[in-house]
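What follows is a group of structures, each given as structure tokens.
Two complexes are shown next, each including chain A; its partner changes from chain B in the first to chain C in the second.
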Partner chain A sequence: MININNLNFGYSKHKPLFKNMSMRLSNGHIYGLLGKNGAGKSSLLKNLAGLVYAQSGTLDVMGFNPAKRQPALLEQICFIPEEFYLPSVKIDAYLKANAPFYKNFDHSYFTDLIKEFDIPVEQKLINMSYGQKKKVIIAFGLATQAKLVIMDEPTNGLDIPSKAQFRKIMASAMTDERCIIISTHQVRDLDNLIDTVIMLDENDVALKASVEEITAKLTFKKVKEIDDSIIYAEASLSGYNAVMPNYHQEESKLDMELLFNAILAEKIKFKPLFS
Partner chain B sequence: MEFRDNKAIYLQIAEYVCEHILLGKWKADEKVPSVRELAVEMEVNPNTVMRTYELLQNKSIINNKRGIGFFVDEAAIDNVINYRKQQFIIDDLPVVFRNIYLLNISFDELENQYKTFVKENFNA
Partner chain C sequence: MNNTFNINRFGLLLRRQWLDFGKIYLISLVVLLGIVVGFYSYSIPSPFKDNNFDYNGNLDMRFRYPLFLILGFVFISIVASSYFNILGQKSRAILELMTPASIFEKFLAGVVYTAIISLFSYLLIFYLTDLAFVKYLNGHLDAFKVLLPQNGAIREVETITYQVFNDEGYRKYCGYFFAFPFLITSLFLLGSVYFNRFHYIKTALSVMVFIGLASYLVVKLSIWLMEGKVANHHNFRKEDKDWVLLTILLVTSIITLIVWTITYIRLKEKEV
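Presenting the complex of A and B:
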């Protein structure tokens, strides 16, 4: 689905954001893109959608170079940015203007999603709250039936019931033909949806591994005391939340926040485990 | 469903399915929810539910009729009991034993507590 090869990218020549980054992404997965502020999550997503251009290296998305912005590719990409602008029209006018760009657009699915998200259809888009606007573009994006779904912080601004609805909608939107990439800081909102973790740090991919692979190699658990087997630990009320090699084939639940902090702190120790 | 922190999600979903079978909500030879239906209900990745269903197939708790879906196995209840018993002995019993030892609870007291519990909860 996506092949990134030796990608070099930056907003200025002197400050590279990605140095020789390479990565392959395939359909049938929900990738969770993690990284500190400024690590380049949104920039990577924009590269994939053809919204910014690489300095060197190749980007292949479904056989196309996204920088060329060919309609045949763009109609297969659903991009939900973190910041967006919606015009001063109602939903039906918005649909009339935008849906024709996507030849597989599913109008009845869109109507279902709008109903499920409880969006007031009589209201102008510009007068809606941030969360309501966000739900409109999520519904529109999924109704395009695009094969590549890119979402930048999709749960930002959603209220509590909408987050649960969003998870249900994404669980049903994930098909074998689709590749879904979600960047997020709110890992607790989404950790059970993500099947593969991609973490960006220091101009490159610091980790790309499936949840299954991570929990086969690492154990996440609460311990009373710290010993040498522990790679990384954080103090908690009842002891420590710890990450350690999975010596005894334990089937623990991946703690994505703990993993994130562990990799930032102990990158060198994790490298040999995931290469 | 509220997931606990200490166990892989696919195993927690397996427990959920087993629970439904033991309680008779899903009966032998009946169809169980599709991978996607259960993923939506649980708000998890369908690949996770697929992993659950593969595990339950290996334990002969459900079986896959190609093109139709997954069904509760004829011998599901016995197989669930075997599987859950193993899990209980490995995961839960050591914690219970540790407390029995530390708190010095006698087996007589334990037996009485157990009988009362069964009476109150299951009327047996």
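Presenting the complex of A and C:
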């Protein structure tokens, strides 16, 4: 679905954000995009949506060049930005003005999502809370039936029950034809939702691996003492939370926060495992 | 699917843009109406005022011409300058650029709103206000008769539209300046795409600097090329004047088209 080849991008020529980045993303997956502040998560998403232009390299999204902003591609992209704007109208008016652009727009699904999110339909969008507005654009985006769903920090501003609803809705929205990319800092919000982790660091992709592959190659567990087999460990109340190679095919649950810190701290040690 | 232009999609886009642009636009029309009515109320002849007549002995309505031109410039330039200013705000720009319509359709919607709808609505509001005040004055002509020596006759006031369309001179010259309003809207539309903040001031300043520099260069170049080489006399042939006016029409039309093209390209290149 998405092919990125030797992508070079930066907001100034002297400070590149991506250097010769290459990656391939397929449909039928929910990708979790992780990275430090300024690593380029939002910029990568904007490149995919055609909101910024690469300095060199090629980007292919469903056979289109996103930089051309062609309607045929735009109607297949649902982009939920971190900062968004909604006009001063009610949901009905917003729907009437925007839904006809998406030929596969599912009105009944939208109504279901709005009910599930408990959105007051009689209220003007501009008077809603940040969390409510976010739910409206998530519901609208999913109802477009777009094949590529891009979400930048979607759980920011959602309360605890809404985060659970969000996970449930996203899991049910996943189809074999869809590719969902979620960028977030709040990795715990995406636990059990994403199936592939993409981590950005130092102008490139530091890790791109499925959760299965990660847990097959690494094991995450609590240990009392640190030994040489441990690649990375963080002190905890009852000892250490450690990441180590999974030599004995042990089953463990992926601790995304630990993995994130481990990759950033010990990138070289992880490289041979996921090359 | 045609990715450049589709009439249905364009119609949807015009309707969608109205959702945001329309409300502010309608408010600005109300403000415009208020200003025109205010100026007319203050400036029309009144039996309680002195100097109610022009040099032809008609009721003095000459204030309409500068009012029409100045207010027209201000209104259409503000409307054009505010159309794409949302692209300067990250959150709104994302929504705008991600709307499934082609860049050409988005640009064309901008031209329709700023060059056609704004101009047409301005002309309509001015025409209707003028007509209402002219009717009112013509209904109260007797009140002015006492101001004339021996209660002389007063000619009915004509609407500005009537004056322009029934005077051969006006008709002829207005035609040559046909492209001017489009040039103004095109420049301010470009400014609204090009600048992220303070669109109006920055566009006005840029245009002033450009005109200043261009005038300076043209004058200097003309002097350098032609001084002492061309016969200098004041006996213009009559048709020479028409050439100058025709050149004005052609140059303003061409510049307008060029500025619209640049606006389209800038819109294409716009990043968030």
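Quick note on the criterion: the second predicted complex is superposed on the first by the 275 of 275 C-alpha atoms of A that agree within 3 Å, B and C clash if a C-alpha of one lies under 4 Å from a C-alpha of the other, contacts with A are read in each partner's own complex, and residues count from 1 in each chain.
Keep this in mind: contacts are C-beta pairs under 8 Å (C-beta built on N, C-alpha and C of every residue); 3 or more make two chains touch, one makes a residue touch a chain.
Remember, it's a predicted structure, so these values are computed and weren't measured experimentally.
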Inset, instruction - With the two complexes superposed on chain A, say which partner A:K168 touches: chain B (first), chain C (second), both, or neither. - result: first
Inset, instruction - Name the contact category of A:P71: first (chain B only), second (chain C only), both, or neither. - result: second
Inset, instruction - State whether A:K222 touches chain B only (first), chain C only (second), both chains, or neither. - result: first
Inset, instruction - Go through the superposed model and pick first if A:V52 touches only chain B, second if only chain C, both, or neither. - result: second
Legend entry - Most chain A residues touched (candidates chain B, chain C): C
Inset, instruction - Could you say whether A:D195 touches chain B, chain C, both of them, or neither, answering first, second, both or neither? - result: first
Inset, instruction - Classify the contacts of A:A97 with the two partner chains as first (chain B alone), second (chain C alone), both, or neither. - result: second
Inset, instruction - Check the residue A:E251 against both partner chains and state whether it touches chain B (first), chain C (second), both, or neither. - result: first
Legend entry - Residue numbers on chain C that touch chain A, as the complex places them: 1, 3, 6, 9, 12, 15-16, 19-20, 23, 89-92, 94-95, 97-103, 105, 268-269, 271-272
Legend entry - For the chain A and chain C complex, residues of the former touching the latter: 46, 49-53, 68-72, 74-75, 77, 79, 81, 83-85, 87-89, 93-94, 97-98, 100-102
Legend entry - For the chain B and chain A complex, residues of the former touching the latter: 3-9, 11-12, 36, 39-48, 51
Inset, instruction - Would you pull the chain A residues touching chain B in the complex into a rising list? - result: 28-30, 164, 167-168, 171-172, 174, 192-195, 211-212, 215, 221-222, 251-255
